[in-house]
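Heads up, the next two complexes both have chain A, just with different partners, chain B and then chain C.
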Partner chain A sequence: MNTVSITNELQTIVDIFESSIDNLPGDAITKANRREAFNKFMDLGFPTKSNEEYKYSTTEKLFKDELHWTSNKQNKLHIDYDFYRNNNTDANHVFLVNGELIHEESELNILNDDCFICDLKTAATKYNSLFEKYYAAQIRNFKDAFAQLNTALASNGLFIYIAPNAQVQKPIQINNICTSNAYQMLQVHHVIVAEKFSNVSMVETFFSEKNSEAYLLNTLSEVYVGQNAFVNYYKLQSENDTAIHINTTQVIQSQQSHFDTNTITLGGKWLRNNLNIVLNGIQCVSHLNGLQLLNKQQHVDNHTLVDHQMPHCESNQLYKGILKDKSTGVFNGKIFVRKDAQKTNAYQSSKNMLLSDDATMNTKPQLEIYADDVKCSHGSSTGQIDENAVFYLRARGISPDSAKALLMCAFAMDVIHTIKIDSYKNYLGGLIEKCFK
Partner chain B sequence: MISIKNLKAGIEDKEILRGFNLEVKPGEVHAIMGPNGSGKSTLASVLAGKEDYNVTEGTVIFNEKDLLEMSAEDRAREGLFLAFQYPVEIPGVSNINFLKTALAEIRNYKGLPPLEAKDFLKLVKEKQAMVELQGSLANRSVNEGFSGGEKKRNEIFQMAMLEPTLAILDETDSGLDIDALRIVANGVNQLRNKERSFIVITHYQRLLDYIVPDFVHVMYNGQIVKSGPKELALELEEKGYDWIKKEMETAV
Partner chain C sequence: MSDILEEVTSSEYKYGFTTDIEMDTAPMGLSEDIVRFISLKKNEPAWMLECRLKAYKKWLTMEEPRHWAHISYPKIDFQNIIYYAAPKAKKELASLDEVDPELLRTFEKLGISLEEQKRLTGVQSNIAVDAVIDSVSVKTTFKETLAEKGIIFCSFSEAVQEHPELIKKYMGSVVPHTDNFYAALNAAVFTDGSFCYIPKGVRCPMELSTYFRINASGTGQFERTLIVADEGSYVSYLEGCTAPMRDENQLHAAVVEIIAHKNAEVKYSTVQNWYPGDKEGKGGIFNFVTKRGICLEDNAKISWTQVETGSAVTWKYPSVILKGNNSVGEFYSVAVTNNHQQADTGTKMIHLGNNTRSTIISKGISAGFSNNSYRGLVRVSKGAKNARNFSQCDSLLMGDKCGAHTFPYIEIKDKSAIVEHEATTSKIGEDQLFYCKQRGIDTEKAIALIVNGYCKEVFNQLPMEFAVEAQKLLAVSLEGSVG
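Then we have the complex of A and B:
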């Protein structure tokens, strides 16, 4: 087992990369892409305070402990898969333990033989041309060290392919279960391709297995939404108090496509979500919603980037947070409207509730508009619970605690209501109610 | 029912109630009138348990219990109801869920199990009809986007659901057109009985044409300065409050 202390040990990472590159999925072309990504990672280095994009989420302290550089295969047999299956969405469940696909527990036949779900290794051999075409294609120009490192080193993850015109009725639920017996770094990389006129809904959950030690999970999803395709991709992060999670989602939409995403963060120690959507065709629609319920010393940073490149597209963002104790949150929403993207509608809203004097929320909208016939707006508010509303409820016999729970639940449910999978929506509703009890 | 003696209360350093006395017996309707700033709404807030106000002196005995010792929610559970002058909008909390929670907590306080869903919905339907409130309003968020009239009707609807023993109506008539006023008054009249008492706070005599009080009190400078039968309201309507103010000044 290689052990590496990251701060000044980039050399160790080089050694790991050089020694593992031959065994990573993909042929010569992919390997060249991996090397390119690795070189970019080396140039970028792990982000420091001086990196504007990581201003509120410094990474130095993440690497105070020694990281172990392997994937852990222990314990996976003891996982109660049915617990995750039954308590959750009515869906085709796919299980990944530390990123590794558990075939015997997963439902991989999703519609017909034209559509498939497999791990990266299988994709690299069995569907080589698709793999070459899509793996890492969106990451090239992305100046983010974690994304580049993931692309260079990921050996685990899924390749989901939805053929043209395929209508996948049942949602696919990707259950990530992480379990670590030391401070491990895990790289998981998904490629999701929804071809033109297809339709698919996915839920991706992140849980830490009971008794898991700390880990650093670096996940990346590359999503391709073809012409007139409809894709829903919902995420739930509910990890333990020691988990560190960097989650990057890179989406490119073709004309007249729809993409909906919703990131719910309920647990974890330090999380960073990068969500980047490129609207690369006319009349695309994207909805980006998020909810974070934080307590203790949790830190969650949501960075969104919507790049309107073509005319007549619409994007909507609603991010909400409820922060307790000493938790900290960040919402950074960037919207580009390029010169050609006339008739763009782009909206963004960030609303937060701080329940303690020690909680902190940083919000930063960034709109860069180069077209002259567009509608764009952003709004952000951070406040406390409405005491007049609490009194009104108390005056009807409701205790202060349940009054506050009702109000917080209502605030949070706004985001849940945008979800289009009923069983998942109900499941989340229950989880959130429990958070306030 | 309720016995208020020498009540003195204010906000921060400002004294607003300056020795307020009132005795309300079961089944009685008392109207409290008075010019702006006389302390009418403060009285309502203090009785409902709003913590922004400090009570410095006096006693309030409600159904043989010390009201001032109770939290706002316990006052409601003991049967006190305040129909707010400005009902609060609560986005995302449906009227139904709100009332279900309120009713369950009140019943729990009294040692009763929550109502069966079926019985609860039956009750909602029945009481909604009383204030001519549309079914769709019950499913909407509490007061959100309601017109002024709908908000006040919603207060009376809540009152009908919670069946208090003492209801304080704080300027329920303000902002109501004549039709809404009639509906609201009609709802209140249906709830009048031998056990239930009302304190109706209003500026104008108009409401008292519909909700006929047993007693009318005039409040000025944080005290009741004149009391009389329902005809006093008519006299006030005719002469205005200056008459009372002058009487007060000459008395001093």
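Then we have the complex of A and C:
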């Protein structure tokens, strides 16, 4: 049954591609790249269980309902933009509804004219040489069906360009709001370029509108971190119980650059986060953190790959999860150290708490190492709330529920504390506390 | 330490000789007729043949598992293998004197003199050996002594004839023929192996041992080991293996099954030293083995200890199914790869019962152009209360052309489980080396010293005789990998 429906979906997607290719942003070269990506997608097909990378996240069940191609008919009328703005007051807010940039609600002027934020269509025409250079450049050899599909079909998304030496003081907050009236498939593709010696912080949030139906959101962000650049890129996923979200972040770092990311997952039905970082210069530093608080029947799969290509780099990963009800969590992290990447320091830690007998946590922390003078380690633990700690608190007159909430909150806050934007950190702190009340 | 150095400087693979023994072989290739031929040769009852044919039919429908393991090897032509090769033995052997003297010399060269074993009865080194050459069990020592205690220790074919009820009951109960490609192949064409049964309440007075040897060219070795430990019994089992040096790759696809009943304990130790191929990676054994034990009832314990130094390609995951409450599973491993060897090895701990515990200690050492992967699964099933697991996987890299990898799979479906995993990868510390050299220990020796210390946690689990052998083996395997 499932295979049949997937085959049907593939046919639908072929039709979509052939009918829309001429209207997608980009000139002839980009179109050729799109076709190449599409062919790669057709070769790969939607991942099945026998795909080792999707072992714990089968995609068959994503296609139970009939899939519609988004027509981009948004009903932006009902969206309360201020609600989202108030989440984080200290930021330049940019709004995307179903991937489409809402110009009138967004603050697109950052710093000066050398730095810009625009949608893909504008970038393809106005900044054609940059667009040609960066769009899908990192995805070409990437063996992931969703990333290729996105590259082939994406018509929406942002192009953010930070000029050399630019210091963007105020964080940019990208608010993705999805609203669907049928089971739609949305492809959003961001390109973020931070040139050398620049500094920028970004927050990307994902929300579903209240009355939204199920949708499949396939987003991809390509991030270029130039020499000595400093980039913070935080994500918050808080969609509704029917949302399916595949989020791929592909980062390439040049020498002595610094990249920080943090993925907080609170809502959504089925999520898959692919985070791939290529350390392509010496003395790069990357911090990858993540937190997932799951309940009901949520399924969240966090996949990280840190590719140490050059010597003297450092990477750090901390992923935590708290799982309730019938939720399923997956952490699959890989540290890949190439032959020449001597003096690499790479650490990875995955800590999880199961609060229900029906919840499942699958972890697969991996090391693949081809250089000898390195220090790499990973640790993974899965357990529950420490009864001794609960006792300690209860002995001081704190009720059992409050004691547990306090401990879980402390467990989760470890990840929140790594965030460098105070206003966003405070907002998240509040959200997390609410989760345990 | 001087003997280690001597070994290091002198030896490559010292077991690489062949023996001229008259062989009885099956025609090359695999078909239903070959399966029938093997069964006929072994004079097996009809039910056994039926089992084989069932497995063969299943095997035909299966695909070689290639997509997940971190190994690459040329395609194996399963029609280009001889599935049955046996030293020509015309009659039942009553005593060692009747064994082909050439054969005895082979085992003497391997350092397991059956003759000597016999003489040493009751003295010091007390190991009962079942020697398997190519496909057939040659001789089992100490059989009578063991029989007094009610212990059955014999070749698998003998067990099929004499204890069919036990074989019927237990064979395939832990590793069914449907389990995987190589298990199905083994179930169809296995030629011999060892069978061991420890009756209720008996503590086996000596170490039981099987020695496997591939001798003939162009053959594959498919043996099957079945160990059943009845209520309250204990047995320590050793396995060793060697093969001649050949340019071709030879296939070894064995199945080991362990069943531990209530309060029983089984300790299974392996020193695997199949021919690893030459320095350019030519030849060597493909070692594709399925090993699994089940703690069937409460308080049972199964412990795997392995020292893996040989084989061109290793694909092996000794596992424990912890079904009984309070049962314990352990896995201690040292895997060494050098030159062009590839190893993808580890364990599986499946927690099903309540209060089950498992420990995994894995030490990988890679040198030369080799790749060494740990791949392990810890699964806590729903309803398995208070499961506890601790895993530690360390890798040591020697040189910048080799790879060391860790691929743990941790699947937790019960909230009362506590599971910890940690892994590190590093090289031998410059400061440690400097410390040794400063005290007049040369580099080679210093490395042997440090590596031995690194592996100590595992070596401590090995029986005495094996621990010494393992230490020497380690030094030999790493020869020339320094600097």
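By definition in this document, the second predicted complex is superposed on the first by the 425 of 437 C-alpha atoms of A that agree within 3 Å, B and C clash if a C-alpha of one lies under 4 Å from a C-alpha of the other, contacts with A are read in each partner's own complex, and residues count from 1 in each chain.
One rule holds for everything that comes next: a residue touches a chain if its C-beta (ideal position, glycine included) is under 8 Å from a C-beta of that chain, and two chains touch if they have at least 3 such contacts.
Note that the structure is predicted; figures quoted are calculated from it, not measured.
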Superposition on chain A - do chain B and chain C clash or fit: fit
Chain B versus chain C as contact partner of A:N211, first or second or both or neither: neither
Touched partner set for A:S399, first chain B, second chain C, both or neither: first
Chain A-centred angle between chain C and chain B, computed on Cα centres after superposition, in steps of 10 °: 70
Which superposed partner A:N181 touches (first chain B, second chain C, both, neither): neither
Which of chain B and chain C A:M361 touches, first, second, both or neither: second
Per-residue contact with chain A, leading partner among chain C and chain B: C
Distance in angstrom between the closest Cα atoms of chain C and chain B, superposition on A: 16
Contact residues of chain A, present in both the chain B and the chain C interface: none
Partner chain A, residues of chain B touching it in the complex: 48-51, 71-73, 75-77, 81-82, 84, 87-88, 90-93, 97-99, 101-103, 105-106, 109, 141-142, 158, 162
Touching residues on chain A, where the partner in the complex is chain B: 386, 388-389, 391-400, 402, 406-407, 409-411, 413-414
Touch list for chain A against partner chain C, complex: 50, 52, 339, 342, 352, 354-384
Residue ranges of chain C in contact with chain A within the complex: 67-68, 70, 382-383, 395, 397-427
